[in-house]
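Lettered A, B, C, D, E and F in written order, each chain numbered from 1.
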Amino acid sequence: MTEFISDALQNLATPMILFFVLGFISTIIKSDIEIPQAISKVLAIYFMIAIGFKGGVEISKTGIDDGLYDSVLNALIIGVTTPLIAFLILKYIGRIDNINCGAISAHYGSVSVVTFVTAISFLNSKSIEYNGYMAGMMALMESPAIFVSILLVRIFSSQKISTLKSNYVDLLKESLFNSSVVLLFGSLIIGMIVGGKGMSSVKPFLVDPFNGVLTLFLLDMGMIAGQRISEFKKVGLFLGTFALTMPIISAVGTVLLCDAFAFSVGDTLLFSVLAASSSYIAAPAAVRIALPQANPAYYITMSLAITFPFNIMFGIPLYYSIINYLS
Amino acid sequence: MTEFISDALQNLATPMILFFVLGFISTIIKSDIEIPQAISKVLAIYFMIAIGFKGGVEISKTGIDDGLYDSVLNALIIGVTTPLIAFLILKYIGRIDNINCGAISAHYGSVSVVTFVTAISFLNSKSIEYNGYMAGMMALMESPAIFVSILLVRIFSSQKISTLKSNYVDLLKESLFNSSVVLLFGSLIIGMIVGGKGMSSVKPFLVDPFNGVLTLFLLDMGMIAGQRISEFKKVGLFLGTFALTMPIISAVGTVLLCDAFAFSVGDTLLFSVLAASSSYIAAPAAVRIALPQANPAYYITMSLAITFPFNIMFGIPLYYSIINYLS
Amino acid sequence: MTEFISDALQNLATPMILFFVLGFISTIIKSDIEIPQAISKVLAIYFMIAIGFKGGVEISKTGIDDGLYDSVLNALIIGVTTPLIAFLILKYIGRIDNINCGAISAHYGSVSVVTFVTAISFLNSKSIEYNGYMAGMMALMESPAIFVSILLVRIFSSQKISTLKSNYVDLLKESLFNSSVVLLFGSLIIGMIVGGKGMSSVKPFLVDPFNGVLTLFLLDMGMIAGQRISEFKKVGLFLGTFALTMPIISAVGTVLLCDAFAFSVGDTLLFSVLAASSSYIAAPAAVRIALPQANPAYYITMSLAITFPFNIMFGIPLYYSIINYLS
Amino acid sequence: MKKLEIIIESVERRKVCRLLEQLNVSGYTIIDDVMGKGRHVTRSGSELSNILKNSLIIVVETEEVIDKIIDLLKKEVLSYYSGKLFLSDVNIID
Amino acid sequence: MKKLEIIIESVERRKVCRLLEQLNVSGYTIIDDVMGKGRHVTRSGSELSNILKNSLIIVVETEEVIDKIIDLLKKEVLSYYSGKLFLSDVNIID
Amino acid sequence: MKKLEIIIESVERRKVCRLLEQLNVSGYTIIDDVMGKGRHVTRSGSELSNILKNSLIIVVETEEVIDKIIDLLKKEVLSYYSGKLFLSDVNIID
């Protein structure tokens, strides 16, 4: 417990988290700081490239671990069960309509790149090792939840959902070839091909400034989250609570699952952070296309303004202390 | 004198200043170089974060100096007197109408972040020390001049100024929570909290490339200044002269004041550069809201196209040689 | 031959080229990666500044080489002959109309900054030296081809070309003061003035992250090239073949010319890459103004989607192996 | 001629263009960074998933073609996504 | 229905939106990066303080509501800031 | 009053503005990041030379001035570059 508190405080006292808080506060006090959208977009791309590439270079060094197949299996299990559990909780405890159940569970089943990046930063600060292919696991876990959720909506809806046929084509493209999946896998493969030598040529751009750039990006994320917090009322008490408890449920489940696979502490933390994280880039775009009747005010606000801040500020040290406690 | 000339030449021969000149020339010859506004905006944010954060880390190392209270007092004295002097000169020597007097004095009383940043660069190149909290002093000096100037307009105008009531609310928010103030203070506090350990994680982004980024930013500023120089005629001889002499008056006054407080050479230079500098980000926005009847062609052109180039090219080494001469 | 293959493979296995390929593929599979235009624009500016500045600093160190005058002469010869040869091939072998002949030869006579930058990266990876003023040669070679091509159109067209008089003024400005020329020459001169001392202050921004930034930029270029490949059909077989053979013709001619001048291997490679490269920033804008009747679908697609990828992937190692073979 | 201004969520922009091309319109113009507020959420443009951002598409065509566009958009897009269609008179100058 | 196009300095954009919401308009659309030239300074959009940049706000409403908007804007905004209002006829397609 | 909407390749924007100023128009408004598709190439805005990008220029003026603008643009710009002119009725609110 004391370790959790000290970890949490230490995590809170990093420049990244504090700049997130600054961004959040600045929006609340209606300051006019404005990070242009072009910048947010390119920073998001930077992180996917940097994370994927670094992972690939790691793999090229250590070779593919025996644990890879286990990890892929684990990633898929989490990618399928998390949205299922979320859906059932939302439907039977929250009594939310099917469409919004599906929309929200797609988000909580999918993953957040920036939460993952913050967890990597946390592990680095504690010098805890993790496998290079974890970036690939993240890419693997982006899409399944979206399909599972839509399937669930179909199954539970007696009357035909009026999702247009053409939407399915769009959705498949959007999910399989969405920018995060392509960038993460692409950079991972590039990293594997070029290895350590290629790394040395791009290190001053893709590795050294990583934490600093994260600082600027989280300032921006803080402002985006702060803007959405005003829609908090629309979300309501049940969904607000869900946005805080679902991550913990997913994380604890994942810790137990990873324990069964006997993954390292680093990998276990990253898996549980991925499970706990809720997508706010890929999933919203896909869900908007697949389930246009769902209310964006719910899923965007929950993902971005509640779960994301919770995870990067308290979730990561919490899941870490749970892992330590259980092992 | 010879030292001033050699300092000035040395200052002029830095990449930053030369890129400013390149930007200026490129606009004059109507080259089509175009730095997108999204980039200018994020670079301005970068500098405020970098400056504030570095200041905060310095404070966390050295602790709060005895001089802090003196510095705050000094900052407030300058923030109140500079606009007052500017207003009186404009009104009684220049015979400018009250509203434009107020608008211009708000700009010359407030401060320019980039001029400050260039002065820091100058001090670093000479390995002269300055206090970490000087970034905080800059933040402190942003807003008072704006309020003082509006007050002066009110006092000197017999007929009621038709500034709408609602404008006051906007103005207060704009001034207290304007982006520079929030970013500078916010980053300063973050720097104080995370200290040297936090610094090491973001140094490759916030510190190492600082001068290089300044190079790109000043190229852009040069182009912006160059574009405005065409409006020079509208400014007229008196205001043109004012834009060149007011900085010197403010700087000399500040040097004397700092001498009374016995500040270090570095701090004295930064204070005088702040006093001499004229705002062109925060003040224009605030003045446009508070004194909409004032002519932007005056204040923007004077601040951006005359005083700013003068200060970064000649002002900084000049004030430095004055300080050396007087001490 | 084996060396060419190994060089080509080694060149293909750099992060830069692989990210270009990733960008290309991502567009083909219709992924929604989107690098905002503001970013592409500022990255292009970054490369011109970085290349020019570094060249200038090199010159300041080594002094101006005896070879400079030869190099200028060489640059001008290439700048004049390449568009002439291109024009004649297009007209008499391809039977293309005069206007499109002129438009295309202007592109192949002018140069591509990013191809040059990739060649520099190639030389660095092989630790081959080249002269600092080569960046200046690139700047010199930007414009002549555009004028030569328009002159050729005039000469070969019996009926008066209806290019408006005012267009000439625009064109001259566009060509002499176009952004690449101004930025390259400007930064070169700045580099010469500030020398090694100025370099050290901006190195962490202009030098260290260079390859990494190139990675991001080539990802973007890959996407732009991929988008244009869909217009490939409009280009037709002859022009498609031209886009692949003209670079080789220009490069081989240049290698022979450089041999006569006895330039170093590094300089010879850079000259032949410049000759082989086809402009897709400066020339399109100038040609659009000077020869509005020409079809942009031809010249943009050929330059950007065929010649550029060919050069950075296969051309550079090919020209290098030709140079080695001949010397 | 009629001018149709289509305000639609940016995620649906590609699809609307595809539909316009299906109908063989003579051309269209797109403004992509558009914010807005309507019955649904405020689209402030400031997030990363493009769903809280609008695009404005302008088509100038004959009344007949415009009617077809409206029908198709209503069926394929506007029944599910938030968006607005504004129609006005305009002359094309040739 | 009427379409009102409001061209206003970007510094005043938030305020105009606040006024529109006060009047309970059914919606509005904003294009934020707009340059322009009029009687006052050239607004080329190229500086950092947002005062030399325009925003274009489009409101489609009934004549009655539009009249209220015009009155309010004239009183609260246009007497001090430079800006233009263009009014035209339009049909909303539902 | 008449509203003229000029859609023109971005490379020609400066020139069009110069022509407008020659004719002493009372003002104009520019939206600079505009994509489009017409008879010629698709202008997706996504390259570096600004030739595959449009700009939209709005001028509100009296019919007389607008006619002069149209004549001049046709002669000096539209005979060589791709572009469109849309003309409609509008009221300026003063």
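Heads up, the rule we're going with is that a residue touches a chain if its C-beta (ideal position, glycine included) is under 8 Å from a C-beta of that chain, and two chains touch if they have at least 3 such contacts.
Please read these numbers as outputs of a predicted model, since none were measured by experiment.
J.: What is the minimum number of touch steps required to go from chain C to chain E?
T.: Minimum step count, chain C to chain E: 2.
J.: Answer with same or different: of all residue numbers used at the interface between chain E and chain F, are over half used by both copies?
T.: Because under half of the interface numbers appear in both copies, chain F and chain E meet with different residues.
J.: Based on the averaged CA atom positions, which chain is farthest from chain D?
T.: Centroid comparison gives B as the farthest chain from chain D.
J.: Most remote chain relative to chain F, going by C-alpha centroids?
T.: A
J.: Using mean C-alpha positions as chain centres, tell me how far chain D is from chain E in Å, no decimals.
T.: 21
J.: Just give me the whole-number Å value for how far the CA centre of chain B lies from that of chain D.
T.: Distance between chain centres, rounded to whole Å: 45 Å.
J.: If you average the CA atoms of chain C and of chain D, how far apart do the two points sit, in angstrom?
T.: Chain C and chain D have C-alpha centres separated by 39 Å.
J.: Please output the residue numbers of chain C that touch at least 2 other chains, ranges allowed.
T.: 36-39, 41, 204, 209, 285
J.: Going by the contact rule already set, what residues in chain E reach two or more other chains?
T.: 31, 33, 45, 88-89
J.: Classify the inter-chain contact topology: is it line, ring, star, complete, or other?
T.: If you draw each chain as a dot and join those that touch, the picture is no line, ring, star or complete graph.
J.: What are all the touching pairs of chains?
T.: In this structure, the chains touch in these pairs: A-B, A-C, A-D, B-C, B-E, C-F, D-E, D-F, E-F.
J.: Mind pulling up the chain B residues that touch chain E in the complex?
T.: 37, 40-41, 44, 162, 164, 166, 170, 223-224, 227-228, 231, 280-285, 288-289, 292-293, 296-297, 300, 304
J.: Which part of chain E faces chain F closely enough to touch in the complex?
T.: Counting only chain E, the residues touching chain F are 7, 31, 33-39, 45, 54, 56, 70, 74, 84-89.
J.: Tell me, which parts of chain E touch chain B in their complex?
T.: Residues of chain E touching chain B: 9, 11-12, 15, 33, 40-41, 44-52, 76, 79-81.
J.: Which of the residues in chain C end up touching chain B in this complex?
T.: Within the complex, chain C contacts chain B at residues 36-39, 41-42, 45-46, 49, 53, 173-174, 177-179, 182-183, 186-187, 190, 193-194, 198, 201-206, 209, 285.
J.: What residues of chain D sit close enough to touch chain F in their complex?
T.: Going by the criterion above, the answer is residues 3, 17, 21, 26-33, 60, 88-93.
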